[in-house]
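By letter and in written order, the chains are A, B, C and D; residue numbering begins at 1 in each of them.
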Amino acid sequence: MSRRPPRGEYIETDTGNKVARKATLVGTQNIILGGKTVIQPEVMIRGDLIRSVQAQSSSGGAPASNTAVAIGRYCFLSRGCCLRPPGRLYKGAFTYMPLRIGDHVFVGPGSVVQAAFIGNHVHIGSKVAVGESAIIKDYVRILDGSVVPPNMVIPSFSVVAGQPARVIGEVPEGGHEAFELRDLYKTVGNNPQPAPS
Amino acid sequence: MAPLSPYTYIQCPCSDPGNLSSATRSSNPSSPADEDCFDPRAPRSNYSLYPLEYLLFCDDCHQIRCPRCVAEEIVAYYCPSCLFEVPSSNLKSEGNRCTRSCFQCPVCIGPLSVSSLETQPESNLLSAPDNAPAPHTGPYILSCSYCNWSSTEIGITFDKPNNIHAQLAKQRNGGTTRLTAKERKDRRKDMAQSGLRSQSPTPASPAATSGTGQTQEPLDLETQFTNLKTFYQRQLAESNSSHGSSMDLSSLGDLGFASPNSLSRIMSIYTGGGLHDKKAKARAGVMREALSPDEGLQLSDLDESPAIAHLHTHGHAGTITTEQRLAQPPNLGEPHLHGATRFESTLRPIPYLLRTKRSKRCPICRHIISKPEAKVQTTRFRIRLVAGSYIPSITIKPLNNPAALPETLEPLKPVQYVLTFKNPIFDPVKITLASPSKTPGRFGSKVTVLCPQFEIDANTDVWDEALKDGGDASGTSRKRQQQQQQQRRGDDGGQQAEAGKIWERGRNWVSIVVEVVPASLRLDRLATTTTGKGQDERETKEVRDDDDEEEEEEEEEEEQEDRKGKKAIVDTSPLKEDEDVLEIPMFVRIEWEADSVGDDMLGGGSSAPARDKDVKEKRELAYWCVLGLGRVRQD
Amino acid sequence: MATTSSSSKRHSILPPAGPKPPVQFSSSITIADSALLTGSHPITISSESVVHPRARLESLGGRITIGRRCIIHERSTVGAVGTSNRTATTDKGVTLGDYVTVEVGAAIEAGDTVVGDGTIVGVGCKVGAGAVVGKHCTLTPHTEIAAGDVVPDFTVVYSNGVRRPDRRGVAELRNKGQTRQIEVLRRMIPSNPAKFQ
Amino acid sequence: MSTSTGSAILPHRSVANIRTPAGAGGQSSGLSTPNRPNVASNFGSPSSLRAEEDILIIEFGTRKLQIGFAGDAVPRGSIWFGPDQQRRVGDFREWQADYHHDWRKGASGDRWGKDHELWQSDIRGFDLGLMSDKLERVLRDAYTRYLLIDSRPRRIVCVLPSGLPIPLLSASLDCLFSRFSPPTISLMSSEVALTAAAGMRSALVIDMGWNETVVTSIYEYREVQCSRTIRGGRMLTEQTHHFLASYLPQTQKKPANENSDKTKEYVLSFEECDDVASRLVWCKPFHAPNAAEPGEGLQTVEEHDDESGENNPTTPTKKTSGITTVPLKSSGAPISLELPSDSLSEPCENAFFDSRYSPDSFDDHELPIHILVYNSLLKLPLDVRAICMPRIIFTGGCANVLGLRGRIFDEVSHMVQTRGWDGVVGKAVEQFRTNPKLKRKGSRHRAAGASSSSQDGGGQEQDGVWHDAANVTPEVDPIEEQLKKKNKDVASTQGEMRVIESLGAWSGASLITHLKVPAVALIDRELWLQYGVSGASKANEIDPKAQQRQSLGAAGLMKGASSSAWTLGVWGPT
């Protein structure tokens, strides 16, 4: 991915986000990037699916908060993954809920994430489907091809896999550093640096 | 097969024969006990090998600690679904599962959620005004949003949306209510009276027992257990009053005492006389057998024809899979299960097993080596001494194209790999490697470590790293050029990375080159590959100047004669799983001189002053590790 | 915020304008203008259905008929030219019943493929050419229905193809939910049918 | 964090947590909620080591391990051994989407299903080290997953089949002592535990286990006699395999290969066959050779008869014209077989009865179960037999095969009626029976007890209960005498055949331990690590009293134990 088209493949924002030009961000005004976050080509983020309950005038939530997708720092959205806010029937009315993502979250290629909350230091493998309004706590590793069922809660330090996904192991004490994405952040962009050996 | 990325496993020294118990020592040669070479594929090795991140390190014993050789202590219990902490007192009373409303689907073990069976939906035309939706009212159900199973399938609904666990305990499948512990106690009381009455006719006749026992529904597990316990305890109490307190213990005293062939002794009981006899009398005197259901007697109903009929009507689909059966918790509400959970209709929602936060101690010096924060929600650790910050990490890359991994390794074609050792500690370390020239197992590949001994400079703290970053980058670019040359030369298979020289050196890392000649996985080659090295030399050479044909032929011939000799010992069973993975066992010895105050190894900056101290002490660490390079192509 | 700049540029890379298929839209449908409609056979979308941005409707393999109140999510492909070399006997490519949901990234191959009323085709599913999926079925994420396979009504396909009957009897409820969702979506997704006509 | 944080955090000092319930829950509370570990019933001083307050009960099986706390009604967890436990730590490949485990090249490819077993009864060339590795890993798993306890030392009670070879026993003990360091381990024979868990003192335990079926006669908590046959779960699964294989297209193509198929090569995975065996295989009800014969009178038999008879519509044999579809994957291409449901009883037939062959054509190690049961009853001394007959307990995995227990019961009771308690069979006997003159003469010199058969063959037809056997029994059990004195009206049943439910060996052990009954084989850690098996002294050299005293006084304290000799009980050297 370190090949360089003449005009930079990525747009590097002043907060250090690297957003691929070939990424599809719908409703950007409702998408918040924490900074130092990488969005690779063909990533799709549905910022247009905002919560609509206040429009329904039931449960008068703060109307200001139109944020659909909030992403923390040092996140890495791999090629072809898709983030979209979870929708659900709320008191008989349908609404979307915001999707909140912490820091150092890796989303593998081709994964579709409809979680309600993703903590810090979470690794989502490739071709994973995270069901609607799932809650994923910190230091969770989701192996490739898993299907996280809707509304599932995944506690910290879990290794998760399967269809449907289940906790199949614990992240060992020595495994925490592996979730760090700072180095990975350096390796992409318009002038990528090689990964330290 | 997906190309597997190179990996490293480390064998914890705790599984050395020295630390193993007598039985394991007295086991087969297949155990990794024999130090001379450790076979990563021996079945036992799987139990002693760990990825680096699973290993801890005791700072005082200066030893690696693996999950097998740490003492654990539980810091907190919590439910993995609702993330509520559970006090350990509840654990004793309520058991090891969540007692709130957290359940797993008995069909697909996805999470179950409580939802209400809503009333008839109003007309769903968009034009229809979306008037205030009906407030959720019971009955409620547990339903799986993945496989769409719902508790209505087993005929269970709930009145309240909360505390499902308690409500479920009161219900059998099909919705029939079940007595709770308390209710059962009351029932037992009045059962006791009726029981006395029922005992007056001789219970010997099944009529009587069935009178009390069979007409009522069979005892469920919990009840039968309780009844038995009270039954026994009552008698122990009685006997306490009659005999000395030690006697009552002797009542059941010699469970499993006699061996099957001691019939004679039994008989002596009847032929009278003998101490045994008296003892038997006394013993038996205090303990009689259960005679009625409320004493825990449960005649079994052998007529299983309804179940059989059910089996034949519902067929394979109606029965549950082995996984589903194993996932089912024991159902206290049912009679003792002789295949009770066999049909889908008998499934029960699975309450989540609780999880724990555990801190770990070194079993030798009792120091804590890992301690998480107590709160369930926090992920911080108070102490976390991971092996990764004490012993060098090893990364493996193919020499020729570091970027892409080769799909598979060509059999009999030499490949070179770069092993990079990174030193995490703040003292320079001396590393000595030893690996067998031929990997153990049926398919022995040739291994040559070009530089088995070298030193790595000390790790430096964060600042230096930051400063060095630029330099590093240039260094890497230099490395690239080198490698490109190497690549050119590598193609004609010439020796480039010369023996005894390290390949590359960085601030706190050193990389060396290992050359391997993967063995052929052909079973008919087995005979030859099991022969000495010399021949392999020949093989590999011949393969290099690539005219395989004739070489093949003479191979064949050789095998002919080889077979005659070797047939006996050669195991030509088909390829086992992972036998095509080229794994190198490597013995790593690390020596370094550390300040006697060993605490400074973790923290970054504090080491700088520490290094000035002249009090040094020599330390060394040695262990086997396994390098997995890749799969060998099957020809 | 920073990413808006990217969004403006993003419009420069819009779908390649292929042969415009003849379309037959109900006046009440909602179709995002970044949806991709290609192919030569006609594409029919009945009343109140929603087509998300970046959804692909390919009528190369035959005509595509989409029933009432269907939701075609982003990146899904209806009428994909099947990998299974199966020649359509008629010109019917794909027929979706009413209240059908095609989730993110799902692919429904062309060639007499039928998806019954109220069926959910989950995230990343693949329905082979000529397959007939019954009414009110649920294909959980990553399910693959082989070409020509038949899935009876009220079937749940989960865990790599395990099938079981759906005994909840909530078809009505689901339709209602779908209706609510459509209400919301048609407010959120700027519809531009004209673009395709 | 979004989700609600945990409630007030309690102190983790085990003292606080563990003691409070111990104080609060007296004897009574122990009764009311049986699934509370026996902290309640510790009338030992609470000052005994805290971690020991809950005693672990571990029941060893060939394929599964059940573990929990003493006083619980059921084990907290039961773990089955399988190939996936034998992977390296951190190897999650079985969960990868693209991973397909090819059972043909499993870690132990040719040994079909062997890696689902903890041990084999044949320990020649068996890697004990590997076994203890397996054991340790499974136990650690149980500790963290099911028991949720830390690794502080706890007393352990092991429930073992009495036939367990010493090497396996000592290896297991080694593993337990060295890796989990319990202060003491006491051994309990699963048969005896079973008996206790049925509320009995004596019983005929029919344990249809995995490797073999063992028939053990327990009398007064003693194993009087035990006989075994290889007809167990494994055979059932293999029969199932042959059965299914015979229906597979590829094997039908080459029927010549059939017998080689039987011997060596497998066409289906063990897992699949095991699955089918546990799900679909059932057992046909008993059919008397000639229904006209009198002595069909046993109640149970009647039930089975008329439900298998024409009059009853719900009879399985009637319905089983139906078809059962069995989907199979491991044979290569996925295929689903259409089998007549009726035929799915064949594996069971072949595995346990083999009625095709005449009874005398079997070797001793492969007797059909009903014959085995009958013989072992026959071998028993008269009064013990009379006690054991109404106390038959079925256990073991194969007891779950639908209809099997009833079938065996009926077979046996049929044999009893037709043959009586006469070891001798054959033409002579038949003539002797049928010929009245001979018979009258004979009945004198036939043993009083043995005569029970033929006469009460008549006597029992009325009410189907063998009062005669009980009455005929000459010397009455002194214990019963004493009991009668004690509480008048209580007599125990004798003579008639009767099957009793037991809670299972684990629950029995839990019960016994909960009642503070000391097991005879009580092994102290220090002693074991010093001497190992060799340190054990012969079972009958031990004075049980001494054992009790020491285990009575501060629970298994070092000096108490080390002061006296110890034994391995049934398992020990004799």
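Following the convention adopted for this analysis, contacts are C-beta pairs under 8 Å (C-beta built on N, C-alpha and C of every residue); 3 or more make two chains touch, one makes a residue touch a chain.
Just so it is clear, the model here is predicted, and its values are computed rather than measured.
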Chain pair with the higher count of C-beta pairs in contact (A-D, B-D): B-D
Centre-most chain [mean C-alpha coordinates]: B
Taking each chain's C-alpha mean as its centre, the one farthest from subunit A: D
Gap in Å, rounded to a whole number, between the CA centres of subunit D and subunit C: 56
Cα-centroid distance, subunit B relative to subunit D, in whole angstrom: 27
Distance from subunit D to subunit A - Cα centre to Cα centre, in angstrom: 52
Separation of subunit A from subunit C, taking each centre as the mean of its C-alpha atoms, in whole Å: 25
Junction residues of subunit A - those touching two or more other chains: 92-93, 127, 131, 137, 145, 147, 153, 163-164, 172
Residues of subunit C touching at least two other chains: 140, 142, 158-159, 180, 183
In subunit B, residues with contacts to at least two other chains: 51, 53-54, 78, 83, 108, 130, 146-147
Subunit C residues touching subunit A - in the complex, by the definition given at the top: 1-7, 9-10, 13, 34, 53-54, 74-75, 104-105, 122-124, 140-142, 158-160, 177, 180-181, 183-184, 187-189
Subunit C-touching residues of subunit A, taken from the complex the two chains share: 11, 13-15, 17, 19, 21-26, 28-29, 31-33, 44, 46, 48-50, 52, 55, 82, 84, 87, 89, 92-96, 110, 112, 127, 129, 131, 145, 147, 163-164
Contact footprint of subunit B on subunit C as seen in their complex: 48, 138, 140, 156, 158-159, 164, 166-168, 172-173, 175-176, 179-180, 182-183
Of subunit D, residues touching subunit A in the complex: 1-3, 90, 92, 95-98
Complex contact set, residues of subunit B against subunit A: 51-56, 78, 80-83, 108-111, 113, 130, 132-134, 144-147, 355, 360, 370, 379, 381, 384, 386-388, 395, 397, 420, 472-473, 476, 506, 509, 511
